[in-house]
Structures are given as structure tokens and as C-alpha cells.
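In order of appearance the chains are A, B, C and D, and numbering begins at 1 in each one.
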Amino acid sequence: MTKAMGVTRPVMTAEEALADVKDGATVLIGGFGGSGNPVELIHALIDQGARELTVVNNNAGNGEVGLAALIREGRVAKVICSFPRSAASHHFNEAYLNGRIELETVPQGTLAERIRAGGSGIPAFYTRTSVGTPLAEGKPVATFDGRDYVQERAITGDLALVKASRADRCGNLQFHLAMRNFGPIMCMAATCAVVQADEILEPGEMDPEQVVTPGIFVNRLVHVPGAVQEQVLFEQGARYP
Amino acid sequence: MTEAATKPRAAGLTRSQMAWRAAQDIPDGAFVNLGIGMPELAAQYVPEGRQVTYHSENGILGFGEGPAPEDVDWDLINAGKKPVTLNPGASIFHHADSFAMIRGGHIDLALLGAFQIAPNGDLANWRAGNEGIPAVGGAMDLVSGAKAVWCITEHTTKTGEPKLVESCSYPLTGIKVVSRIYTNLGVVHIEDGRFVLKAVAPGVTPEEVAEKTGAFLDISGEIERIAPPA
Amino acid sequence: MTKAMGVTRPVMTAEEALADVKDGATVLIGGFGGSGNPVELIHALIDQGARELTVVNNNAGNGEVGLAALIREGRVAKVICSFPRSAASHHFNEAYLNGRIELETVPQGTLAERIRAGGSGIPAFYTRTSVGTPLAEGKPVATFDGRDYVQERAITGDLALVKASRADRCGNLQFHLAMRNFGPIMCMAATCAVVQADEILEPGEMDPEQVVTPGIFVNRLVHVPGAVQEQVLFEQGARYP
Amino acid sequence: MTEAATKPRAAGLTRSQMAWRAAQDIPDGAFVNLGIGMPELAAQYVPEGRQVTYHSENGILGFGEGPAPEDVDWDLINAGKKPVTLNPGASIFHHADSFAMIRGGHIDLALLGAFQIAPNGDLANWRAGNEGIPAVGGAMDLVSGAKAVWCITEHTTKTGEPKLVESCSYPLTGIKVVSRIYTNLGVVHIEDGRFVLKAVAPGVTPEEVAEKTGAFLDISGEIERIAPPA
């Protein structure tokens, strides 16, 4: 058995990491509200220029930065999320009410599980969530042990944009507190998972038992020390670009 | 506490008193998910000595009070996007694990708001009609997955329409999911597909509650007279 | 919001923790080979006396201790596992070949996912694993995006027996290296998860970011400092009782 | 190394040489799962400078050599239940996550043993018939989930029966899964539902390989002459 360390992941600039994003790509964007929101990567995606994107996020942006700015710039064709409304989701709201953006509303747990399924080779699963509601319309229903369940399909992405607090060069990730949220499962479900990390460690510097996302799920690393918080930017009235 | 939580009303419970009354029933040892708004208020009224762990959809078990302003960490927020702290014994996990807890029946109680509730336990609480932007969050997962779903809500709308109705006209959140309702007028359980009055607010009669309920309300049983703290 | 710590889990003797196990129970037993094998809890289950058990484990015991001893004592009616054969699985082998024990052979990943599904409120899911093989016989097959997948059902247990290295009194768990294996998902899937831990900490002593299994999935704790290793017992030629 | 791995044979590669030849094709940057037995031997022959991470079904990425006897930790074993060590950059996870990696297509290569392989890629490697105790382990998950499945096996059974056959008579592990086969006689790729000879062992002719193959073997292309290390 070779003693060399395992596969490492390239540490790139955000520009390099997103250079090959294509129009029409499905982009899984981590974060719940502002927590874990990869603002720097989203801004790099705005700079990069890809259009007609399908974005999977729990929300639909806030204020004039991050996902809200991506929507404002007319780059998002469809949003798949659980809760598009927020204090300042006016760009999404306006685009949606004017028919310029498509919305697929998904219960939050179904959204999370569909993403996990996408990363786990499970094309479909059954859940009790949404049975008998408008969000189950058009979906197959099956009965197990006398109860009805809705069949839900996996979500995968061409790209994931995820914020972590620490990465090692093998791509192993750790997340500060509730920054974790959708990050680990989005890394699993994307063909190319791009992760911005506050700190980048050498292989061997992260305790293997304390790795949250193994590097196999991570493709490219971007070192973003002192990353901004979407919520802080919002309170400052910041605008991008 | 908001103005709405404290403003006096002619009869019945204030929002804080409603939260207090619901909190009295949260059992010792429960893992609880509290909806945004009035349900959140219940946490501060859980009787001393009861162990309760609060779950937040975004991957937290065991969160506690909001931090001092200088201690706010925007990566430690609850499902309502408000900064929180962690209590001893807390844990952090990702979103799929968080909803495995909910969907898998590990959350003992979800205490949620409501637009409409039917006597079969149907709940509508995510969308008042089909206009506007549909935003569901974790509501459907919670009502399908939690071992018990209780609602805390005004007994009627601002315009006086009943929220306890024969059948929900708003889009449903879940079918046959609610078992108890805490309102400004009293406590209503759902038993065998019927609303059953279990408690009334001070200054309110069971008949008045029945009158403001949009479906049959059984007032024939023993009915507690709620005695909220001052 | 109350400042008190959350729900704690009782720390019991193994005898107390297993006193209410009923005949016919389904018991999820952690471990992969000897690693993470909760030998002390299995021995307590032997002492407790429940019969006609269905056991879910990756294997089917080795030597004269642990699961092998439970089988030898005639207490197991059925084994659900991926790999019953091992160097010294003679008690299982003999019982199986003589028709005294039922065996459900499940691909290892399907076994893991069925258990995770059981703990996650997912009654069924689809997987490519076993398509076209004898292990798919009798199971529904569905086509997604042009490929066939087998429908697999969730596994739940009345009881889980799991070995951890550290627990806090709220039931949060950490596992030493590859001891982890099936432990976390079995805790999720059992009505009553009983965990033996080498060390028991006070709430607050375990970093919330480093909790592997949140205490909500754990019901009873048994303090077993210096737990034995099944493999070491086997090499010593140990026998229980 | 076992006796079987080193014993000389009349013609063709030793077990170690077969493992060496397969190892030459393991690409740089690959996450690899090696089956128990001969596949495991390949790890030691991966050319210098290639980054390869080894996955073990029981929740390890990045394991390395076996430990010194005094360093054995029975909670750090591989899928073959043998003690291992961790390389820098390793990670530990639970069984469901481990098979999410496999089933989800994150493992680049599974190098496995084989009983029978058919030219359509069908593989039988878990059960030689229907007698005895059916034990499958992670084989079916690996062949269904890994991006590439290569087999390493003697070209024929001990009694001289071909293992590359028109159609598998043993119970299948997976359908249309194998793309390459490393045997003592050479390297066979599966292309468009046919066996295609890509390399031969020293002292072996393509015709001899074809003769020992139980289905059509295309020997018309360019064929490498394997030059194993001494």
C-alpha cells in the first residue's frame, strides 16, 4: 500500500474555479438565510456571466447581494427552494410575479432529502411529507403499511457553491456551527463542488474523525479568509456588483 | 416581546398567555420544534424542572436564548433566521439529518401556527389562498413527521372568521395531523374527528367558544378554567 | 427560552437497559466484524433471555462470544445481514444449514440505506444495487431516466445495541475511528437505542460541532469502560457465558 | 505475500504481476475500492507520483498500510477485517455515508475478483452456485455504483474452465458492469459487448488467450506485450 497521502484538490481563485460554468447549468447553492451563504462564490458567478441558471437554495435571496443580485441581474431562469419569501426578497418576488422566473416550491425536508438522494445514487424515495397537499400534485403516491406516501425524485447539480470554515487540501471540510446546513449534501449531489473555505489546512492537520464532508465530495477549493456574512452585507445596505 | 403579545383584549388570553398555556402541556423529556411567531414564545414558559430540547430545522438541537448583541454569530441562527445560543448538550448536523429527525418521528412535538384547522386534524398554515408567492419552509415535514402536532392560534381571524372550521378552504399543509389547539379562548383537543373543548380562558364561556368555532365543538366534558399568571 | 440544559438520557446497567426486551424483538446490532461490536450489551442480552429474535448486523457472529454466542444459545430466529460467513461463523452456518435460522442476505449498502431510511421516515427507496440478480427477486422494479432500479423497504428495530467511545449525558455520541460503521444509523432506526460508551461526559463537555450521533437518537446509556474487542476475545478463545 | 502470490507458473503472470499490471492503469487522482484478495495487492504497485485514495466499505477514506503488530487497533480495520492505518487526509464516516459514496458514483474504480464475466459486462463474483451460505457483502453495491469496474482474476478456474464466458451461469452480482479484466494471460477490455484483447503476458500468444476464453475474443487490434518487473 502506498504511503503517500491521497488525492488532493486544487486550490484556485473563485474566477478559475467557476470559469467553465455553462449557460443553463443547475447550481446548488448552500446556506440557510445568510448562514453558510457562499457570498464570494456567488459574486464570482455573477462576474463569470453564465445565464439561464437553475438555482437550488433554501431561499431566494435577500437585498442586493449574493443570490438576490444574481436574480436581479437576470441570470436565473428557475429557483428550486422551500421558502422564497424573505424580508428583502424583492428581486425574486418581482421576477416571479412578472413571470420572468420559474419557481418550484419544495418542502424543506423533501428538498434536503432529494439532494442527499441525488448524491447517494437514489433516483427516488417515498415520504409522507406533502401527502394530500397541493405540493403532491402530479407525483406518484404509493401505500406502505396502510399509509400513503409521495414519491420524490433526486436532485443533482452541475455545480455546488458551498461555504466551509476549514478545508484541508484533500478537500475534507468542517463547518462553523449552523453554517453546515445544506453544504455537505450539496457537495455530494454536484458534479463539481466548489468550496470556499476560511482556512486551508495541509493533509493530516484535520482529525479524520472530525471530518464533516469527506474530500471525495469536493472538487475545487477557493481560499476566502474572513468571508463576509450575507446578513451583515444586507444590514450595511451593500450592493453587488 | 412585541406589542401584539402584550396588548390587552376584551376577553380571552393574550398571546403570551396562550404561549404560557401551551407550554404547561409540553412534557418533560420532549424534543420540540417551535414554529416562528407565537409558538416560539412558549419556550420561556415551560415549567421549571422540565427537560426540553429545542430543534431548529437548519441543523441544531439544544439551542437557547438569543445572544447579547455583541455575541451575535450569523452562522448560529434558528429557523426564523434569528441569532441563538447553544445550551449544554447541543449538537449540530446537516439539513438531511435534521429532517431525518423530523420525518423519522424523533421530534416529540411540533407547536405551530395555523390559518385553518378541521376537526379531522387537517391543517392549513402555509398559504392563505393561491395568490402570491408559495413559501412552505419545513411546515409540511413537521406536520407529517412530528409525533404530535399542536397549534397555537387566535380562535378567529382579525375579521372574526373562525379558524377552526368544518373543512379547510386554504391549501393544506397536512392531512389529519393536528391533535390540540391553543387559542385565545381556550384549549381544544381533536378526538375521534371532533373538536372537544378542554379549557376556557377567564371571562369566556364554553358556549361563546362554540359560537366562534366553525364546526361542532363538544363542550360536554370537564372543562378547565385557565388561570394564567398575572 | 429556558437556559437549562436539554433532555438527558438515563445511565443504566446493561441489565437494566435490556430488562424489557421482548421475545420476537428486532434487534439492530452495530459493528462490522469485531469493530464497534457491542460485546458487553450482547452478552447482557444473552443473560436477559429474550428469544425468537430477529438480528440485523453486517455479519453473523464469530467464535463463541457476542452474536455467535447469542445464535449458539438458540435465541435468534432470523438474521438480516450482508455477509454471514466468517472465519468462525460455525454456529450460524450450522443453524442455517440445518434450517434452524432464517437468513435474509442484503447487499451491504442496501442494508445500510434501509436502516437509514427506517430512521428517517422513508418507507422505501430505489437503488441500482442488485438489479438483475437473485437478490432483487420479488422486489418491485421501476425505471427512472431509462435505467431500472429495485425498490427497497426500510428496516426499523425495536432495539439497537451500539458501541460508542464517548457519550454525554444528553446521549450525544462519538466513535473511535471505524467503530462508527453502523452505529449512527442503527440508533436512528430503533425504538430504543441502547448505547455502551467507554466514557460518559457531562452535557457541555462535547463540542456540538463534533457530535456524530445527536442524543435525540439515543435512549439509554450504559457505561462500559475498557470495553472488550470481539476480535481479541476470539483470539483468546473466549466463550460466553 | 502469500505462497500463491509468488509461486512460479508455466506461462503467464503471477498474482503479484497481475496486480502490478492492473495498478499501472489506476489513474492519477482516483478514489479506489479494492476487493479482498488479489485486488488488494494492486495498491503496492501504483506508480510513484500518482495520487490514489483507498476507500473501505466500513467508513474509511484514505487508509494505508497495515500497522506494526504493537499498533493494531481492532477498531481500525478494512473491509477484509484486517487492521490498517490512516494516511494524511483520511476521513471516517458511517456506513450509510460510505455507501452513498459508492452508490452515488463517487468511487472512480472498483477493482474486484470474479468467478465469471460475460462479454456484455455481466459479472458473477459473489456465489459459485446456489449451495451453501449466500454472503454478498458490498459487491453488488460496488459493481452498480463505481464509475468503473475492473476485475482481476485467473483466466480460467483451477480445473481449466474459462472464467470469461458467453453468459454467466453463476448468480449475477451485476449486469453490464465490468469494463476491463486483468488475468494471468493478459488484459481484456469489454467494448461494444465483446471481449477485446489489449495485452498479453510474456510467453503467451493472443491465440492461446482466445483458446482459453469461453466467448469470442477479438485479437485483431494492437496488443501490448506485458513486461512485468522481475
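Going forward, a contact is a pair of C-beta atoms (placed from the backbone, for glycine too) under 8 Å apart; a residue touches a chain by one contact, two chains touch by 3 or more.
Owing to the predicted nature of the structure, the values given are computational and were not obtained by experimental measurement.
Engineer: Going by the touch criterion stated earlier, list every chain that contacts chain B and also contacts chain C.
Structural biologist: A
Engineer: Please work out which of A-D and A-B is bridged by more C-beta pairs in contact, and write that pair.
Structural biologist: Looking at A-D and A-B side by side, A-B shows more C-beta contacts.
Engineer: Could you put a whole-Å number on the gap between the CA centroids of chain B and chain D?
Structural biologist: 57
Engineer: Averaging over Cα atoms per chain, report the distance between chain A and chain D in Å.
Structural biologist: Distance between chain centres, rounded to whole Å: 36 Å.
Engineer: For chain A versus chain B, what separation do you get between their C-alpha means, in angstrom?
Structural biologist: Centres of chain A and chain B (C-alpha means) sit 30 Å apart.
Engineer: Centroid from C-alpha atoms only, then distance chain A to chain C, rounded to Å. What do you get?
Structural biologist: 33
Engineer: Give the residues of chain B touching no fewer than two other chains, as numbers and ranges.
Structural biologist: Chain B, residues with two or more chain partners: 86, 92-93, 99-100, 102-103, 144-145.
Engineer: Taking each residue of chain A in turn, which ones touch at least two of the other chains?
Structural biologist: 113, 116, 120-122, 127-128, 175-177, 180, 208-209, 212
Engineer: What chain-chain pairs meet the touch criterion?
Structural biologist: A-B, A-C, A-D, B-C, C-D
Engineer: Can you name the residues of chain B that touch chain C in the complex?
Structural biologist: 29-31, 43-44, 46, 51-55, 61-66, 84, 86-93, 97, 99-107, 144-145
Engineer: Which bits of chain A are touching chain D when the two form their complex?
Structural biologist: 1-8, 116, 118-122, 168-170, 172, 188, 202-204, 208-209, 211, 214-217
Engineer: Would you tell me which residues of chain C are touching chain D in their complex?
Structural biologist: That would be residues 32-36, 58, 82-86, 92-93, 96-97, 103, 105-110, 112-113, 115-116, 127-135, 175-185, 212, 229-232 of chain C.
Engineer: So in the complex, which bits of chain C are touching chain A?
Structural biologist: Touching chain A: residues 113, 117, 120-128, 142, 144-145, 147, 149, 153, 174-177, 180, 208-210, 212 of chain C.
Engineer: How about chain B: which of its residues touch chain A in the complex?
Structural biologist: These residues of chain B touch chain A: 56-60, 73-77, 81, 86, 92-96, 98-100, 102-103, 122, 133-141, 144-145, 171-175.
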